[in-house]
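You will see chain A twice below: alongside chain B first, and alongside chain C after that.
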Partner chain A sequence: MKQNRTMVVIFLTPALLLFFAIFVYPIARTVMMSLFSVENVTSSVSEWTFTGFKNYADLAQTSLFRKSMWNIFRIWAVGGLVVMSLALLFAVILNSGIRFKKFFRAVIYLPNIISAVALATMWLQYVYAPRWGFLTDFFSWLGLEDLAATQWTAAGNKFWALTFAYCFGMVGYHMLIFSSGIEKIPHEFYEASSIDGASKPRQFTNITLPLLKGVVKTNITMWTITSVGFFVWSQLFSTVTTDLDTITPMVYLYLQVFSTGNTVMEREAGLGAAVGVTLGLLVVLVFVLTNLLIREDEIEY
Partner chain B sequence: MKKIIAMLLLAALLLTGVSGAFAEGKTIVYWTMWESTEPQGKVLKEAAQAYEAETGNKVDLQFKGRTGMREGLQPALDAGTIIDIFDEDMDRVNVSWIDYILDIEDLAKAANYEETANAGLIGAARQVAGGTLKSIPYQPFVFAFFYNADIFEEAGVEAPPATWAELLDACEKIKNAGYVPITSDDAYIMTNLGYHMARLIGEEGVRRVVDNGEWAEEPAVLEAAKAYADLAAKGYLSPTIGSSVWPTNQNGEFAMGESAIYLNGSWLPNEVKEMTGPDYNWGCFSYPAVEGGVHGPEAANFGSQVLAINKSSQVAPEAFDLIVKITKGEFDAKLSIESVGIPVDSTNIEWPAMLASAKDVMNQLSVRYSWAAGIENNVNMTPYIKQAFQQLCGGQITPEQFVDTLETASN
Partner chain C sequence: MSTAKREALYRSRQLNWRKEARLLPGYALLILWVIFTTILIGWVAAASLSTTRAIYRGEVFDFAKNGLNFGNYVKGWNSQNVSVFFMNSLGYASVSTVLLVLVAAPAAYVLSRFKFFLNHPIQNGFVVAMGVPVVMIILPLFAVVTQLQLLKQTYTIRLLMVVLYVGINVPYTTIFLLSFFSNLPRSYEEAAAIDGCPPMRTFWKIMLPLAQPGIVTVSIFNFINIWNEYFMSLIFANQDATRPVAVGLYSMINSMKYTGDWAGMFASVMILFMPTFILYLFLSEKIIAGVTGAGVKG
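Showing the complex of A and B:
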């Protein structure tokens, strides 16, 4: 027994040390930093100035930060609804016994294996470009000149152009998660309900959806994490200076911590840490709410 | 057989150790903001190789890119990573990283460096470092209106505009000739506003407005807004100026010869040379003077990248020698030619043909603006200014609405 305990300690210690070094320490340091005025992420603790919750108060009073939060809320809520609906629809269709299932699944998933830089360039230069873009040509061909003249990346439109392009690439990822859940549901359930006269929509609402609660929770959590970390697409849609349609909390954090814009500004890593802590709490909040609202059943897939 | 292999390996190991022990050269670690595929990166590599051949020292040249430098340099320095030389924008090195860099006044004096240096840039480097030399400028730039001289000629514009009235006249002729007079992209459009306001009230005035939110209180804001609303109303601005995501209009209508004028840095010819081809007829003029303003063509944003030595470096004299190698004579000229850039060695008097017209602009400068004359000085306001100015130039809002929007956003 004593030997076993020694072995447990020997095997667990490296893992625990790494866990503390890689996860616990950075989280604890970030939370601490958010309560101080800190110039740079690597500034020594002796250079920190305690300011309490001032960083959080400043964030709450900064209209640009509030705007960035509003942007990710819209991406999360509107984009999430569209992405989850389409992903579930495609997953159900793919598992309904259609031919060439693997081919269609690969096509829908394809955008996920293409670099975001290439995808964003495609959307900006080949779809939204005001003079030669696909949308301009398409609406001109239909004779809808007003729509053809729309500047899709102008202020106000750019947010939706960005959200649409991002969602386009995310459907396949969440479809795969839904699909893996649907595949686990025994076929007998569907056969039995068919014999009882249940239609396909009825099977979907009474069998598929209730048995996918766990998968829905997983998808919502994954979507929340990616929405909160929304950064690359934002940078690609406003390459040098960010704008109101593309600002997200992660971009705001990046600007504050690294001062990467054209103008060299004072850096404020403490404020950046406060943004990071706020976002972390947001993910936890959504996770808790999801667990409260979507109760687990005895049978789930 | 095994014994022979073991002995050979041992001999090889000993030889390596012995040769290492007798090696005289020192290693200089150089982190650069350029990528290895960029013209600047290629020339730096050649310069480092030439330096190695001459001195026996080794140069560990690491290409970090802009993002790599801005995100990674300071944490690496704080962690004690050996980095002897690094380069970046003059303001970033001398402001953000000032605590890490060595005062090189003595090294520069011993090498008589300033005898053939660009006096204006050395002065700017000293000024931004608080009065002492802590970095060596290279790859200078000037920010001005670049234009397609063939379009100017075809439209009958005989001389580059020096005043706002002359600019309006030139735009009218260009428009009548069937071209878009002025274009821009979202990355640079705010520089137009910054320059116009700085012409009226100087950079200090611009910073005061941006930092203190004096958008409604300062009449120059409305005046600048009216000037650009006027350009938009007269059809002098690109119809897509309010929506173009960089580099759409730069690489599109400007490089393709459909629009004539673009306010940008002297790196522009290099960026679009693959699209314009070698026959593009480049012109350059300083932002025009405006009526009742405080500055004219003598003021602009100019500066450079700079090379600095880590104050903890153990090989500072050798590092300075490498900097001299890069910024003087053969390799300064090569950097200028390959990157279509401005030389810093005053004995390299030939500028690339594409930048010949920028030389006149550079020579007349006596007042230095920082980036965009300070209009991007408030990180919490920049996106609001950008959007409002794009809408103004796109004809979506009036000058009064522009002022009101920014006044509201700043409160």
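Showing the complex of A and C:
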């Protein structure tokens, strides 16, 4: 027994040390920092001045931050709807007894293993490119010269171009999660309902969807976590440093705290911490809300 | 196998045209998606072997006329530090991946096998950490690291990046391996104990090798994630000598856009894309298993 206790301690210590150094302490310090006025990120705690919720109030007044929140909300809501619909659709198709399931699944997931820098550049410099771009060629082939002449990454279109390209890369991951949920549903359910005369759409709404509740929750949570960290895509689609069309909270934080020599914003690292806490709380909020709204039935199979 | 069963199997292998016809819209959609993905990557791959002039003329696939210009890759690799970036990424990803197994596997094993009062709180802590966005931790990490003067020298930055990548991925890796160890029968340890093998030796000699499939899956997954990581390396690896390929190429792609070397730019994109793609070609089933595995329970 004694031997076991030593083993537990030795085996857990490295993981726990890292967990405290990388997660517990930084989270606590970020929360603290958001309540203080901190001139520089590197300022030591003794130089902080307590200001309560002033940073949050300031953030709420900052138009750049509000714009960034609006952008991330649209990416989360509209992009989320698109990604989840496509992911569910593909998952259902893949599990409908189709041939080459593994091949199709692998191709749909492929964009998820590509570095965001590479994937965003592919979209930006090929699909949306004005001269040799895929969309230009495609629409002129269809004879739709108006659409072919569209500047996809011009000011008015850029945000949706960005959202759409991002969604393309995200479908695969959520498709896999839906798919693993569907695979767990026993075949007998469908067979029995077929004998009772249920149509395919009926089976989808009355068997598949209700049994996917847990998976839907996972998907929404994961989508929220990745949305909150939206950064690289935005950077690649920006033409200037503070691009209102593409700014997201994480970009705002980066500009506020790490960008050297920008004169746009006052130096206040506490604001950056408040951005972090706000985003963290949003993840928690979405998690709690989905758990309240989607009640999972206790089913064992 | 009974005759009836064999007959059923035979019938299921046969093309059932009515069934296939009903699935036609599904096939159509999947094939469209596959075609688009192929064009997207195929065009960029072709452009990377083409010339800037051919890209402008819209004839990137006309290899007969323009030849295969591997020079784009050679030029990119030799100039502008790409080889340095590439080796950095390779170093960060492989060293962190190995260390992650050494840190997370023992923790996962202990958490899956022994009852002690902190067991469940630790597991829950790890699960929560998997959902913590980087923005919540980045500022204090930066403050501490600067105070410790770790961002001044190349080797301390390299060390720091590895520690950060290991730390960030410990919760996911531990939780993934935990469910893997739980599924291994206890009889192995019992047999080893009867033969007088101490528990720690049993872990390294017997249990760890048995968990190899799970370790391979989670390692490939970690490798790809670390290879593609961007934000932390942007902030911490702030010298050319320490930059990984994603951050290094971002600035390169930007500069090539202005110099107008489009073929070179697409070659750079391919250099960033290739390593994870090659891994995926051979190991896509394992990677997919990693996504749907322990990390995300429905």
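Assume the second predicted complex is superposed on the first by the 267 of 301 C-alpha atoms of A that agree within 3 Å, B and C clash if a C-alpha of one lies under 4 Å from a C-alpha of the other, contacts with A are read in each partner's own complex, and residues count from 1 in each chain.
Methods note: a contact is a pair of C-beta atoms (placed from the backbone, for glycine too) under 8 Å apart; a residue touches a chain by one contact, two chains touch by 3 or more.
Note that the structure is a prediction, hence the values are computed from the model and not measured.
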For this session: Have a look and say if chain B or chain C is in touch with more residues of chain A.
Result: C
Exercise. Looking at the overlay, does A:F258 come into contact with chain B only (first), chain C only (second), both, or neither?
Worked result: both
For this session: Kindly classify A:M7 by the partners it touches after superposition: chain B alone (first), chain C alone (second), both, or neither?
Result: second
For this session: May I ask you to decide whether A:V41 touches chain B, chain C, both, or neither, giving the answer as first, second, both or neither?
Result: both
Exercise. Just chain B (first), just chain C (second), both, or neither: which does A:P130 touch?
Worked result: first
Exercise. Given the touch rule stated above, what does A:Q151 touch, chain B (first), chain C (second), both, or neither?
Worked result: first
For this session: Could you look at A:A116 and tell me whether it touches chain B, chain C, both or neither (first, second, both, neither)?
Result: second
Exercise. Shared contact residues on chain A for chain B and chain C?
Worked result: 41-44, 125, 131, 258
For this session: Would you pull the chain A residues touching chain B in the complex into a rising list?
Result: 40-44, 62-64, 67, 124-125, 129-131, 151-155, 157-158, 237-245, 247, 255-256, 258-265, 267
Problem set entry | Residues on chain C engaged by chain A in the complex (per definition of touch) | 19-20, 23, 26-27, 29-30, 33-34, 37-41, 43-44, 47, 55-56, 58, 60, 102-104, 106-107, 109-111, 114, 116, 122, 125-126, 129, 131-143, 146-147, 163-164, 166-168, 170-171, 174, 198-200, 203, 224, 227-228, 230-231, 235, 245-247, 249-250, 253, 257, 262, 265-266, 269-270, 272-273, 276-277, 279-280, 284-285, 287-288, 291-292, 296-298
Exercise. What residues of chain A sit close enough to touch chain C in their complex?
Worked result: 3-5, 7-8, 10-12, 14-16, 18-19, 21-27, 29-30, 33, 41-44, 89-90, 93-94, 96-99, 102, 104-111, 113-118, 121-123, 125-127, 131-132, 134, 137, 173, 176-177, 179-181, 184, 212, 214-215, 218, 221-222, 225, 228-229, 231-232, 235-236, 249-250, 253, 257-258, 269, 272-273, 275-277, 279-280, 283, 287
Exercise. For chain B, which residues count as touching chain A in their complex?
Worked result: 67, 70-71, 74-75, 78-79, 89, 91-92, 95-96, 186-188, 190, 239-240, 242-248, 252-253, 370-372, 374, 376-377, 379-384, 386-387, 390-391, 394, 396, 409
